[in-house]
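The two complexes that follow have subunit A in common; it is paired with subunit B in the first and with subunit C in the second.
So, the complex of A and B:
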């Protein structure tokens, strides 16, 4: 699908249903290929990682954001700009730890699971949207922020909300010595 | 107004893309009779003018072609040593083309790594934390503009000093990179970029920027 030089968002809409169906087909095929839920989750995370390392430059090129000065700024940017740009939703951000390096993104609307009501009984510990965790982890790593990203709560598993937890692994002071 | 070349350097300092868009050629071709009044000497892999500057042929210019055939380093196209060839009166009159030699790809790789190191030094020397690094290097014949992304990739553009709109061009090149290089599933990160679409769109962007002229877009 070619892009004209002055790329505008409205010229290149693909059907959202197609995207959701594609993701669903991906997860279904992985479930057929792997017996254990952990394997499927790891596979989704790895796929998400390889998407994230490329998506970050697209995000930076098209949003023209400046360098974040703190972890909370980074978490806000992920929630308010990145999620909005790519999934059309804006999760709310909250800080989970006193140290200021653990954050939660609470999604009340998740387009990927629009047509899924609950997980089948034999796939009880499957993280359906684990791809998103990999994407966030990969993207952060490319801007030199090591992080652990996991699903803390999942509506599909019966929890009240869907919550993604981001834990930044390095102290902010270390960043000063890194190459700019 | 011209944009001379574009360089893309990866995080490790390796050159992953290079395009020479416009090279102001200042070649001079002249016919000589024996004896040659220029003094030539070998230098690295070339034969250069050491003395006897005249008529557009300057000291440091290399021998580019003899009798129309491009030379191969220090040897003529037929494999004869250039200095021996020019020392033999039987080969005269001879037509020799002199000019500034073009950089070989190895030289470009080395220069890109050197700039990468200078850039790092520049950032460290900054009195304030969070410096953007070297943004522009200005000389009388060209300006080198550099933009480092938050992911560590550097885009460098060498352009005519009067050319404007290079900042916008650098951002545009970043967009083209994120589209045609990164979204290509067969392109591995940090490796040399060999994507046709990237080349095409980059050349288009350079032409748009050049047409805009010295007063920016819309002039």
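So, the complex of A and C:
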């Protein structure tokens, strides 16, 4: 018999503004440190990757989801559960290829860019939210799914919508033994 | 005609909008002369024992042609609005709410990570807000 209660879900919420401002400060600082937009984008992606490989365990622990059996399920999981859990928004998912390994997440609202009206003129190729791509890529890698994740469209750059493209690179191994 | 301006804590302009635009130079002059009144009111506030930090400074001074209203944030950014004296329909609480809108939009500008405090304000959202506000004051 266990006397200790199960691990309590301690919901210590931090201010959303603080998070958005912190992210903004991060991007602004990277822009000061690197001259080229590509370097800033790469840096953001690397940071995101570093977050993603750690975040996946938190996600799996808190969401108690079943194993995904297809790329489509995985994409749905990212959009409907992960994005909802961490950013409070639910992008819509669509499949972009007949082969079933390319997906688009369309973000209607993006809390990270709440205070950014538009990119500064000298930063036209900056992918402001590139951190998110790295996070998704890192998280997927830890569950043995290799993927390329990039921004296909970005409202900050003048596109109509913000669209993240996920391309799964390898077929998942056939699972002979399903976990309970 | 009506004008609206934002001044930094060091009293240089962050944003000026005049409708119609020909009056802009005169507006600069008006704002400049009203700064003395603003500073006077701010120091008066400091001496009086007020619990509530009143940001709205009210009518700074009236002249024959126009009325000047002021507002100062806790960070010492000043907002100044000039309206025609002939515009008697404008009530005090309407002016207050306009200053509040200005203040809220200014806060959004400050939250933009690419905006450096002290820069001139170049923001479409801010322009739109000021335009719609000035149209109302007809």
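Worth a mention:
Here is the rule we use: the second predicted complex is superposed on the first by the 160 of 180 C-alpha atoms of A that agree within 3 Å, B and C clash if a C-alpha of one lies under 4 Å from a C-alpha of the other, contacts with A are read in each partner's own complex, and residues count from 1 in each chain.
Please note the rule applied: a residue touches a chain if its C-beta (ideal position, glycine included) is under 8 Å from a C-beta of that chain, and two chains touch if they have at least 3 such contacts.
Everything numeric here is computed off the predicted structure, so don't read it as measured data.
Applying the stated contact rule after C-alpha superposition, one finds that A:67 touches subunit B and leaves subunit C untouched. Contact with subunit C, but none with subunit B, is seen for A:21 once the two complexes are overlaid on the shared chain.
Look at A:143: by the touch rule set out above, it reaches subunit B but stays clear of subunit C. In the superposition on chain A, contact of A:58 is made with subunit B only, not with subunit C.
Shared interface residues of subunit A (contacting subunit B in one complex, subunit C in the other): none. Here subunit A touches subunit C in the complex through residues 17, 20-21, 23-25, 27-28, 31, 114-120, 123, going by the rule given at the top. Residue ranges of subunit B in contact with subunit A, taken from their complex: 120, 123, 126, 129-133, 148-153, 171, 174-175, 177-179, 182-183, 189, 197, 201, 204-205, 208.
Taken together, the subunit A residues at the contact with subunit B in this complex read 2-3, 5, 7, 53-54, 56-58, 60-62, 64, 67, 142-144, 176, 179-180. The touching residues of subunit C, counted against subunit A in their complex, run 108, 111-114, 123-125.
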